[in-house]
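Shared chain: subunit A. Partners: subunit B in the first complex, subunit C in the second.
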Partner chain A sequence: MTTVATKPVRRPTGRRTGVSKPNGWWGLAFIAPATIGLIALYVWPFLSTLMKSFQDVPAFGPATFVGLDNYTALIGDGDFWKAFRNSALYTVIILLGIPLAVVLAALIEQVGRGRAVYRVLFFLPVVTLPVAIGMVWRFIYNGDFGLLNYVLSWFGIDGQFWVADPRFTIYAFGVVGIWMGLGINLIILGAGLQAIPKALYEASSLDGAGRVRQFFHITVPLLSPSIFFVTILSVIAALQMFDLLFIMLRGVNNTALTDSKTIVYLFYEKAFVQFDQGYGAAIAIVLLMVIMIATAVQFRLQRSWVFYG
Partner chain B sequence: MKRKWIAATAMAVTAGLLTACSGGSGDTPKNEKVTLTYANWSEDQSPAMKQIAAEFEKANPNITIKVQTLPWPEYWSTLQVGAAGGTAPDAFWMLADHFREYAKGGQLLDLTDTIKSNQIDMNVYPKPVSDSYTYEGKVFALPKDFDTNGLWYNKALFDAAGVKYPDDTWTWQNVQEAAKKLTDPKKGVFGIAAPIDAQGGFYNTILQAGGSIINPEGTASDFASPAGIAGLKFWTDLQAAGESPTLKQLSDTEAVSMFENQKVAMYTSGAYWALRFYKNPDLKDKVDVAPLPQGVKRATVTSGIGNAGYAGSKHPEELKKFLAFLGGTKAAEIQAATGTVLPAYQGTQKPWLDSMPEFHLQVFIDAIDYSVPLPVAGNASEWQGLAPQFLSPAWDGKKPVEQAAKEYQDAVDQVLAKQ
Partner chain C sequence: MAEITVRRTSGSRRRGKPSTTWPIHVFLIVAVVFMVVPFVWQLLTVFKTTAEVTRIPPTILPADFSLHSFETFFSTVPFWSMFAVSAGSLVLRVAGQIVVAALAGYAFARIPFRGSRVLFGLFIVMLMVPSQLFLIGQFEIIRDMKLLDTLPALAIPGLFSAFGTFLMRQAFLTMPADYEEAARLDGANTFQVFWYVMLPMARPMLAALAVLTGLYSWNDLLWPLIVSPSGENRPLPVGLAGLQGQFGTDYPTLMAGALVCSIPLVIVFLVLQRQFFAGIASSGLKG
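This part shows the complex of A and B:
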C-alpha cells in the first residue's frame, strides 16, 4: 500500500485519475484502521494457514516443509470423503429450506398487523445460544423420550434415534439448520419484498391474476436478487457447519459421531484434538476452494434466473 | 482545518493499534504485585479452586491468583493455541493423555528443582498418577487428584429384583447373573450400562482378564489377544443379551444419566460422580458403590489431573511457589472437605469420605493397590478417538468381537507406529 502512496500512477493521457499525492495520504490514513484489521484478521491468518498446509506442524516446536504430502494424504483419506459427502448433503438440505423461506416471507408480508411478532418469532433462533438450541433439539430428537417420537406415536409411527443413528443424523441436523437460518433469510427476503412496487399487484389483479399466480409471476422474479443473495450466504454457512455437530454429538459419547462428521468438524478434530495442524490447514484450504467454486458456479447460474428489473 | 483534524485522529488511532500489541512486561522485582492465572475446566470444582487460591494469597500477599474456568470442549484447543502463542494461563490442569505432547514440546515448567527445594515427597501421591506426569526423568506436574473405578449400583432396583448387593467378593459371573435378574423390559429397567467406555469400562475388563492395553514400550496394542477379546466380550455379551441399553440409547442419553434416571441398576465408573449422585435427592439414599468385579484378577485403570505450569510464564518463581502449594496438604484438604474430588495427597482423603458417609467411597482408595495407569502412549488423543468407530459394530452385534478387535488393534497400532 505504501507504493501506491509514494508513486502515484500517471496515466499516459495525462488525466488525473487515481490518487494524487496529497489526497492519497489522507485517503490511506482513513482506510488504515480497516486495512490493518483486514490484514491482521483475515489476510495474515489465511497466508499462515496456506503455509501450514504445506508443512508438518507438530503441536509445539518447529514445522517442517513437506510439500503436497498433506494434500495427497487428504485425497486418500476415507474420512475426508465421508465428511465431504456429509457436508454436501447438509448443504443440499439447507438449500431446500430457501423456497420455504420465500413462501414464509411472502405470507408474513401479507399479514397486516402483528407482522413484527412473526419476524421476532422466526428471528429468535438467530439470537439464541447455539448451546441452548443444541440442548433443546437433543431432547426433541431423543429416541426414547423425545418430543418428535412422541408426536409420531400419535400417528402410529415408530420413531427413530434421530441423532444417535448415523443414517438420520445429517437430515436431523438439516432440519435444525433450516430453522436456525430462517430468521436471517426472512429479514433479507422481507426487505426485498418491500421494494416490489405495489402497483404491479394491483394491475395484475385487475387483469385477473390470483394470489398464487402473482407469487410466481411477480414476487419470485422481482425477489430473485434477494433469493440469490440468501442462497449464496446459505451455501457458505452450510459448508461451514460445525456448531450443531459439536454441541449435539461431541462430549456426550455419541457413537453416531464417527459417521456424521462434516468438513469443518474433521478440521477441528485434526488440528485441535490430534494436534495435526498441517493436515488441518490442508482441510481448511480445500474447504475454501470448495466454497469458492460453489459460489462461482452460483454466480454463473444466476444469469439464467436472477432478474434485476 | 476540520478535515486535517479528523485525519490526525485517524493516524493516532492507527498508531495506537500498531503499538498496542508490542507492550511487553519486563522482569518483576521482588515483592512486586504479581497476578497468576489458574485455568480449569470444571464449574463444579471452581469454588474449591477459588478457595485454594484465596488460601495461597493469604500466605503470599504479593501474588494474586485469577481462577479461570473454560468449558471442557474448548479447554484443550484454547490451551494449545495459548501455549503456542505465548498467552497460556500460568498454571493449569493437565491430563495424562495430553501431557506428553506438552512435555515433549517444552511447554511445561520443569518442577524437578522445586520438588527438591520444597522437600516434596513424591511418595505421597499414587505412583501410577505421579508417573504419568514424569517425562524423561523430569516432573512437570504435581498430581491434584486421582480416580479409580468402582461398581455404582442402585439399591432400590436390587431390592425390587431381590438381588443381593454387590460386594468385594463379586466376580464377572456375579455381575452377569445380577444383570440378567435386574433387567425388566416392562419397566424399561436394564441391569447394567454397557457403553463403549474405555476408562470406566473395557480397559478395566481387559486388565481383569489378564491382558494389557498398550505394551510397555508404547509401540503396540493388545486388543485382539485372548485377554483383550475376553475383556471386550464382557460388554458385548451384556449388549447381546439385552441387559444394557443399546448404543443408540446410550448415545441419546448418556450412561450416567440413565443411571441417575434409575433406568440402569449398575454402572461402572469413577469416583468423580459421587458428589453428583450425593447431591441428587432422588439418589442419595438409593445409591452405593462396590469394588469392580474380579475377572482372572482384580484391576482398574487410574488417572488423575495434574497441576502444571506454563514454561512461558512471565513469573516462573511465583508460579513454582503456587504449584508447590497446589501439590501440598492444604490444597488437598480443601478439595477433600468440599467433597469435590479424591485428592491425590495420601492421608488427606478422610474428609472426602466423611463428606458423603452413606457411600462406601473407601473402595476407590483401596483400588489404588491394584490400579494400573491409564495408557497414554503416542498420540493418545488420536488413537483413543478410534474406539467408537471400530468397536460399534461389535457392540451392535454386526461384527464378531474377534474381528472388530483385530481391526481396532491394527488401527491403533498404525497411530502408535507414527511416533
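This part shows the complex of A and C:
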C-alpha cells in the first residue's frame, strides 16, 4: 500500500539524488554564512564579554583574571546604583505610556475615515532620527527660552530647567520616550485589535453595553496578549536607553549628567571612553541579568492578567 | 428615516452601531497636537535668527524667514558625505542581511539536516541577548581587521541577524509545499527552488525585514559612535551629535541639522508606509 503512495516520488531519476528531498549538504551550505557570522560576531563576543567581566583588562597589556572583583566593585559603586535607579525609573515611566497607547489604539480602530492619517502622524517620531528628537526636545525643555516653560507661563506655572536640573531629568526623558514609542505600540496593538471578532461588539451593544464598558470588558481582555507583548518590548527597550541621554546631556552642567546616567550609558562610558573593559563587561552582564529578571517577572505576572481566549 | 439609514451604513462599518465619531476625533486630534508640536516648533525655529530664538517671551512665527540656519549647517557640516555613509551602510547591511537571513531561514524551515534544531536554538538564544553584550567583542574584531572609521565597519555586524533568520524561517514555514515539490519534479535543485520559487513568495516578509533593518541601521547611534573614533566616515546620527557639541546654543542651526538629517527617512516612510507598518507588526512574531 505504501508503495503506491510513494511511487511517484521515489522514482529514481538517475541524474540527481536529491529530487524528492533536499539533502543535508544543501542545508549546511544555506546555513553556513549566517552561522559563521553568528558565531564570529555574536556568540564569541558574548563569551568574551562574559570572560572579561572576570578579568582586569588594562587599555594596553595582557588581561589578568580577578574573579568577582569587577562585580564586587560594582556593588560598592554609587554611580552604578544611581544608574540602576535611573534606568528603573525611566522604565516605570515608559510603562505608564502603555495604557495611553491602548486607549489611543482602540480609538483609532473606531475611526473609519482618517485612520491612515492618524497612524502616520503617530508614527513620525519612529522614523525620525533619535538624535534629532533629542535635540528638538532639549530645545523645548530649555529653562531660559524653551517652549515648555513658555506654555506653562500662560497658566502661571514657574519654569524649570527640565534637563539640567537632576530632579527632573529622568522624568523629562520619560515623556520623550513615551512620545517616541507610541507609534510602534499603536501598530502592534492595532494588529491585535483587528483580530478581535466584531460580533462580540455587536452582541454586547445589543445587550446595551456602551463604548466604555465594551472597552473594559471586551477590548482590554481580548487585547491582553498584545498588551503583554508591547509591555515586554517596552521594558527591554527602556532598560537599554542611551541615545536620548547622550544627546540631551551633552555639554550640560556636570551634576545633571552624573546624576542621570543610565546603565547602558555607564557601560558605554566605562568600556569605550575610559577603556576599562573588564568593568564595562561586568556592567553589560548585569544589564543582561536585569533584563532577564524583568522579563521573567512579567511572564510570571501575565498569568493573573493576560487572557488567552 | 432616510438619514438614519445613511448614518448606519457609514458609521457602523466596524461596530454595528450607529455611532457619532466626532468625540473620538476630538480626543485623537488633541493627542496628535502633542505628537506634532515638537516638529512644528522645530520647523518654525529653523527660520528664525539666533537672536530671535533667545528672546523672552519667544516669538511663535519667525520674524523674517531667515535661511541663515541652513547656510550655517551646510557650510560647516559635510552633510552629503555623512548622508552617503548612512545610506551606503544601510544598503550594505539591508542587502547582506536579507540574503544571509533568507538562506538560513529557508534551510531551518525546509531542509532537514543533522544538528538543525540545536543550531536554531543557538540563534534563538542570541536573539534574546541585548546588543550591548556584543559590543566589546565586535569592536575588537573590527579594530583587529583595521576597519575602524570605515563604512564596512558600520555594516558588518548587522549583516548577520538572529532576528532576521528567525523571521524568515517563520515566513517559509507558513508557505505551502506544493510549489516546491512541483519545481523539484521539474528538475530544479534546492538552490533553484529557493531562488526562483520560494524567495519571490516571501517578498512581503523580505520587505518587512528590509524596512526594519533599514530603520535600525539609519537610527543607530551607539555602534557608529564606537567604531568611528576619529570622526571620519561618520553617519548622520554621529555627525548630528557632534553638531550639538559644536553649536551649543545656535538653536536654529541645530534644528536645521536635525531636520535635514531626518527628512530622507521620513520621505521613505511616507512612500513605503505599508511596509513600515508590516515590519513593525511582524516584530510581533518575535514573541
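Keep in mind that, in the parts below, the second predicted complex is superposed on the first by the 265 of 309 C-alpha atoms of A that agree within 3 Å, B and C clash if a C-alpha of one lies under 4 Å from a C-alpha of the other, contacts with A are read in each partner's own complex, and residues count from 1 in each chain.
One rule holds for everything that comes next: a residue touches a chain if its C-beta (ideal position, glycine included) is under 8 Å from a C-beta of that chain, and two chains touch if they have at least 3 such contacts.
Quick caveat, the model's predicted, so the values are computed rather than measured.
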item: Subunit B versus subunit C as contact partner of A:250, first or second or both or neither; value: both
item: Contacts of A:179 with subunit B and subunit C, given as first, second, both or neither; value: second
item: First, second, both or neither for A:104, with subunit B first and subunit C second; value: second
item: Subunit A: partner with more touched residues, subunit B or subunit C; value: C
item: Subunit B versus subunit C as contact partner of A:165, first or second or both or neither; value: first
item: Subunit B versus subunit C as contact partner of A:48, first or second or both or neither; value: second
item: Partner chain in contact with A:30 - subunit B first, subunit C second, else both or neither; value: both
item: Which of subunit B and subunit C A:188 touches, first, second, both or neither; value: second
item: Contacts of A:227 with subunit B and subunit C, given as first, second, both or neither; value: neither
item: Which superposed partner A:144 touches (first subunit B, second subunit C, both, neither); value: both
item: Interface residues of subunit A shared between complexes with subunit B and subunit C; value: 26, 30, 33, 138, 144-145, 246, 250-251, 268, 272
item: Complex interface listing, subunit B residues touching subunit A; value: 3, 7, 10-11, 13-14, 17-18, 72-73, 76-77, 80, 83-84, 101-102, 104-107, 195-197, 247-255, 379, 381-382, 385, 388-389, 392, 395
item: Subunit A partner contacts - residues on subunit C that touch it in the complex; value: 10-11, 13-17, 19, 21, 24-25, 27-28, 31-32, 34-39, 41-42, 45, 53-58, 99-101, 103-104, 106-108, 110-114, 116, 119, 122-123, 126, 129-141, 156-157, 159-160, 162, 165, 184-185, 187, 189-191, 193-194, 215, 218-219, 221-222, 225-226, 236-237, 240-241, 244-245, 248, 251, 254-255, 257-259, 261-262, 265-266, 268-270, 273, 276-277, 280-281, 283-284, 287
item: Subunit C-touching residues of subunit A, taken from the complex the two chains share; value: 13, 15-16, 18-28, 30-31, 33-35, 37-38, 40-49, 52, 104, 107-112, 114, 116, 118-133, 135-140, 144-145, 147, 150, 153, 179, 182, 184, 187-188, 190-191, 198, 201-202, 205, 226, 229, 232-233, 236, 239-240, 242-243, 246-247, 250-251, 264, 267-268, 271-272, 277, 280-281, 284-285, 287-288, 291
item: Touching residues (chain side subunit A, partner subunit B) in the complex; value: 26, 29-30, 32-33, 36, 58-61, 138, 141-146, 161, 163-165, 246, 250-258, 268-269, 272-276
